[in-house]
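The two complexes that follow have subunit A in common; it is paired with subunit B in the first and with subunit C in the second.
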Partner chain A sequence: MGRAGSEERSGWLFILPFTVSMALFFVYAIVRTAYYSFTDFDLFKAPSFVGLSNYTALVSDELFLTALRNTIGFSLIVTTVQTALALALAVLVNHAVRARGLVRTVFYLPSIMSSAAMTLIFLWLFQRDGFMTAIVGVVLAYHRHILLFFVGIAAVQGALVLKARRRYDGVSIFDPFFLLVAAASALTLVVACALAGLLPVFDNDLRVSWLNTQQRFFFMPVTLWSVALMNIFTTVPTLMLLFLAGLQSIPNALYDAAEIDGANAFQRFRHITVPALRPVTFAVVTMSIIGTLQMFDQVAILGDAAPLASRVTLAYYVYENAFPAGASSRIGMASAAALVLGILTIAVVYVQKSVGVKERAE
Partner chain B sequence: MMARKTAADARPSRRPLPAGALRRRQLALSTWLYLALLAVATIMTGTFVLAFMASLKVDPLERPFRVYFDQLNPAAWIAAARLGQEGAGDALWGGLSPGAEVDFSVTYGAPAGTEIVEPKAEIPRRRPGSGIAAALMRHYAADYASIALKSSSSAMMQVRAEKGGLQAWQTRTFVYEITYRTDGQDQPWIERTPLNLTAPPSQTLVESPISPSRSERRGRLLSWDNITPGVLGLIFNNYRRVINETADLETGKSLFGSWLVNSFAIAAGRLVLTLVVASLGGYALARLKFSGSRFIFAALLFSMTIPAQVTFVSNYLIFRDLSLLNTPWSVIVVFVASANVLLMKQFFEGFPKEIEEAAIMDGASRFQVFWKIVLPNAKPALLVNAILAFQGAWNDFFWPLVLITSPPEALTVQVGLLSLRRSFGGAQGDWGLVLAGAFISIVPVLILFVLFQRHIVSNELTRGIT
Partner chain C sequence: MLLRPARTLAAATMLLGLPALANETVRISGWGGSEVAIVNGLLTDVLAEKLAKEGITVKYEPVDGEFSQFIINGLSAGTAPDLFYVDIFWARSVFSAGQALPVTQDVSGFAANLVEAFTYEGKLYAIPKDFNTLAVHFNKDIFDDAGVAYPSDGDTWKTLQEKLVAVHEALPEVDGLCLVPEYARFGAFALSTGWTPFDSRGRTMLDQRFRRAFEFYTGLVKSGAAVLAADAGQSWAGGCLASERAAIAIEGAWIISALRDSAPNMNLGTVRMPKDLESGKRGNIVFTVGWTVNAASKVSKAAAKVAELLTSKEAQQWVLEQGLALPSRTGLADNSWLRGGRPEQMTSRVILEGLSDDHVMPYFFGKVGGSWMQPINAALNSVILGETDADTALASAQSALDRMLAN
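Up next is the complex of A and B:
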């Protein structure tokens, strides 16, 4: 009894610093946020109860609805794209045995950088006549070359595969050796045509507003697409490393057995890799969702470089209402929006978790 | 035998690929694999390399994007070192100091038959940048230095004409001497020596020790921001400027410098606090049975999913009521180290129990066991935690943004970058400063990464999966 009692006491003493910090800065903070969301608090005068009016104001605030749409769209797109890319990249790296160490170092770099520094670099990249514009300009200038290159590859590859299939079994459409030959001959073709003057360069003086624009593409502002690109660029490497660790824990014997049973590469991926990676995928998707739903830093650093409606996210909406430029704080609105953000996060993570668990049980 | 039979059943003469062809396919597959990896790695690192190159340039937004310019040209480095040496006896950072005599030679060329006239040379009263530095600048080279033509000589050179083929040009080299006048009473060291050369458009500059910073009026006016840069002053001009030109108007102290100091203080404070909280808390959750431990663990996991934006109003008010706003303490303390506690908990769970139990039997207290036995053996986990805490605090943007708003020198470097962006990062902005600031802010974390790469990478893996 005495020992159990002392363990109880020392347990509480040991956890005390963490408990205090958590109770004060997390639990108490959430409770207060919930309380403020029902008041008209403005940081200075004493809060008075206003019922649900903050929430009704939210629903009729165009900016809040935009922020909500932007956040959900952003989270959906970025999570999907970066999970898929990270998985593809991990499979690639997993096969490239010789380059693994180097790849780990190189790919880890973007994720140690601060979001502020990263955003500034991307802002420079995405200036109206900046480097990104220049790249698109070059692609546009040589679009005929590029088109011819791909048509050439498809033609040569098709011809080679058809010819080989007449004599041999088991020649895939994407036969890597033929593809190498096809790429080389298509490249020669393009160079020859260009030298012969058959492929005029398309002159363009391109200016693209990547950030400072009201335009929308699909269902999200162009500005947020640019931010999404940056977010994917910085997060994919980290997620890739997680997938890579998962891949390396799959025993090779599974693949060997499947190959003997005649499963092709895609079938092996579909029926061995994907199920074995399910726990990692769950972790990756959860991290992505949490990270993207609270997108704030990049948007704040963009600041007046882009119109508010094209960049606002829920997290930024909360901040913007708590510390609006040249107006008094609307803590009530901010708190209500913050609660919406918190509940949205929990709901999405919960749904994702239950779906993930169900799939695992199948 | 089998293969031949089935092939014969289907169609005449269809065989599996021979061994040689299969090996070729393996090789081709590897080629594609490494090509793809190379492409991805190029995109990944290329972005940083390009941005870093741009951060050295006079105009990072220049179009077309040159990859070869003075800051990457060893010949220009040598010239810059000589000019810096002549200007202030400092080959690294240059300048202009009393007694200096600097020779600066420029060569103009023109098609044969066109007369090359002496350009009009002057040392302008130019401010270095658009920022606060303009208001702070006290000494102008124009007030102390004089420029005179020392000698000139003519020559011929071959120039590749536009239509192909060589064309004979005449050239004339003018050697200017810039001297520091020693008549005045006070003789300050001057950071940079600008130069303007105005010449008719019929003649073009073909050679100079360092390239002009810009050319205006269709090449008639060539201007150098600094002709006594020194080698580092040439290469890292933007980096020097971001330190010097983000200065406090009253004290003249470098803001960027104090941002760096603040960030260091906050990161160090958070590191210490996190280590204490996380090792104690992690040990309790891993080893000690006490009522409420499951509840605390659940709250820990929960707190990792909730964005800081949900809790910041209350935390802002707490520090406001304690009058701790705009102090480093608020940013150090506000962080709830859930992830770090989790990491330590996982480490301690994999730690053999027996030694501790033996020590308890011998009458040691829990804290003695923790201090004398557990902690000394937890160094790897503590190191990883320390790195993560430092990196997290250094890169943190949101809490410093909320809790430290004034005065300008109290900001951290990340929030400072935001103010850099606001002041210089417009469409026609001074992007050299912005990029240089961004790269300086990366340096501490980069050093940490290079030193402890192995630990960071391997840990990130375990943290994500659990």
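Up next is the complex of A and C:
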């Protein structure tokens, strides 16, 4: 009894620091936020109770609705793309035979940069006539060359594979030797055509507004697409590391057995790797959803480089109300929006858990 | 119990009939950067003796970054300094929250429109410490190379634009002006037409006068007179002037300290803002900062005294003669320093004249604050980028302003 009592006491002592910080910074903060969300409060005058009017004001505030749409769109895109990319990169890095350490380090580099430094670098890359525009400009200028190159590869590769298959069985469509020959022939073809003047270079004085624009692309402002690109670039490496850890815990015997059963690389990936990684995928997706729904720093650093409506997210909307430029704080509105964001986050994670990627491997 | 030296000092002051040293410490706060040198210079070089006589020790706590957030947070938490800067842009949010003490000293020596800018519900809550207006700063060498006449005080929008186009035609690698799609610069043009940000009923009407200025400003890029600052790889017009990418910049006197670092040998000239041809008038925006005493300060009297000393004629003259800021006291307008021929002296003179332009408004937008500028900035931006036309952009700005001001 005495021993059990002392164990219980130590147990409580162990969780005490966490309980205190949780009570202080989570429970107390959330209760206070909930209270303020029903009041009109500017940080100075005593809060006055206004019922649900902050919430009704939110629903009729166009900026809030824009922020909500932006946040959901951003979260959807970034979570999907970065999970897929991180998995692909992890598989690639896991298979790298040579310089595995170097490859991993290079891929992980973007994650060790601070988000502020990264945003400033991207601000520069995203200038209207900057690096990103130059890439698009080159692709546009040489689109005929690029097209011809790929058509050439496909044609030569197809011809070589078909010819080989008449004699031998089991020649892969992506046979690496044929691919090399095909690429070389296609390149020769492109160079020859270019020299003969058959491929005009499309002359463009391209200016792309990546950030400073009110244009939309599908369901999201162009600005947020650019931020999404930046966000994916910086987050993928961390997620890749998680997948990599997961990949290394899958027993090799499974792959060997599947190979003996005649499963090809894709089938092994689809039926062994993906299901075995499910707990990791669940963690990655959940972290991505939470991180992207609450994305703030990258749009805050953008500042005046982009119009507010093109970059506002829910977290930024909260900040914008708590500290509006040149006006009194609207803590009631900020609290209401913060609660909406919190509830939205929990709801999306729950929905993801019940209909999306499950927590346990099948 | 008093320590021995202190006891001796107290006895000595009593014997000599001097006022007893109160020895109060006043915490004051303003921005970091170059302001640290200004305030510390004032405290040690100019005011040290007077402060010692008053028995006041001043501690300057500079803040880099978002100053208004620092103050709002500090005031709500009860940790704010006793005396601090308020920018006209957000001063109202401090005054209306009852966080500032009204000014009691005589302010008759200060420029009336600056005093008015810091007056809220009939009471003055801050002593203006300095101010800035907009002017046209130009690189004389570029105009000489292009063989184009310098900008002048007599320029209208049109003649200035023609000069800029001529510069760009003569020197294709140089643009006339780097444009920022912001009310903070465009506003001076809009105001010169006689348009006012708020009408008598508190509404913002983007009328024909506003539209005339809007079309001129957004048309500068298309006419070849200007380039968007962001397209020149700069975040502000001064950066373009410093890198000789642009021939002129429309900025305040703050450009002097920026050029001192980045283009110290530039042959700089400064003239007043161009006139609107139709109204024949000039417009300008006043940027000003004042000292405010924290209403919750335990040493509010000492803090008010420090504010008085920091804005005294002696202090402002020192600041002016260092070329650091323009005085808010009208008495210093005919100071001999301002008649000098050095670029910073000429610039200061022109900026000072800007205060008496025909239509001058402070950089302040009532209860709604900086949000008021967003629809206008968005309209400027989208038209300059060619994403939409003036009709659509102004209609959507008008409806955004109507919604904002209806609340």
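By our rule, the second predicted complex is superposed on the first by the 332 of 362 C-alpha atoms of A that agree within 3 Å, B and C clash if a C-alpha of one lies under 4 Å from a C-alpha of the other, contacts with A are read in each partner's own complex, and residues count from 1 in each chain.
In this section, a contact is a pair of C-beta atoms (placed from the backbone, for glycine too) under 8 Å apart; a residue touches a chain by one contact, two chains touch by 3 or more.
Bear in mind that the values here come from a model prediction, so they are computed numbers and not experimental data.
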Joint occupancy of subunit A by subunit B and subunit C, clash or fit: clash
Touching partner for A:Ile232 - first (subunit B), second (subunit C), both, neither: neither
Which superposed partner A:Val156 touches (first subunit B, second subunit C, both, neither): neither
A:Leu43 touches, of subunit B and subunit C: first, second, both or neither? both
Which superposed partner A:Ala305 touches (first subunit B, second subunit C, both, neither): both
First (subunit B), second (subunit C), both or neither touched by A:Ala245: first
Which of subunit B and subunit C A:Ala182 touches, first, second, both or neither: neither
Which of subunit B and subunit C A:Gln215 touches, first, second, both or neither: second
Contacts of A:Ala134 with subunit B and subunit C, given as first, second, both or neither: first
Of subunit C and subunit B, partner touching more subunit A residues: B
Partner chain in contact with A:Leu148 - subunit B first, subunit C second, else both or neither: neither
Overlapping contact positions on subunit A, where the subunit C interface meets the subunit B interface: 43, 127-129, 212, 304-305, 323
In the complex, subunit C residues that touch subunit A: 66, 68-69, 72, 75-76, 89-90, 92-93, 96-99, 182, 228, 230-231, 233, 235, 364-365, 367-371, 374, 377-378, 381-382, 385, 387-388, 403
Subunit A contact footprint on subunit B (complex, rising order): 3, 7, 13-17, 21, 24-25, 27-34, 36-37, 40-41, 44-45, 47-48, 50-51, 54, 60-61, 63-65, 276-278, 280-281, 283-285, 288-293, 296, 299-300, 303-318, 333-338, 341, 365-367, 370, 391, 394-395, 397-398, 401-402, 414-415, 417-418, 420-422, 425-427, 431, 434-435, 437-439, 441-442, 445-446, 448-449, 453, 456-457, 460-461, 464-466
Interface residues, subunit A side, partner subunit C - complex: 42-45, 62, 127-129, 207, 209, 212-215, 304-305, 307-309, 323-329
Residues of subunit A touching subunit B in the complex: 4, 6-12, 14-19, 21-22, 24-30, 32-33, 36, 43, 89, 92-93, 95-96, 99, 103-110, 112-117, 120-121, 123-125, 127-131, 134, 166-171, 175-177, 179-180, 212, 233, 237-238, 241-242, 245-246, 279-280, 283-284, 287, 290, 293-294, 296-297, 300-301, 303-305, 314-315, 318-319, 322-323, 331, 334-335, 338-339, 341-342, 345-346, 349
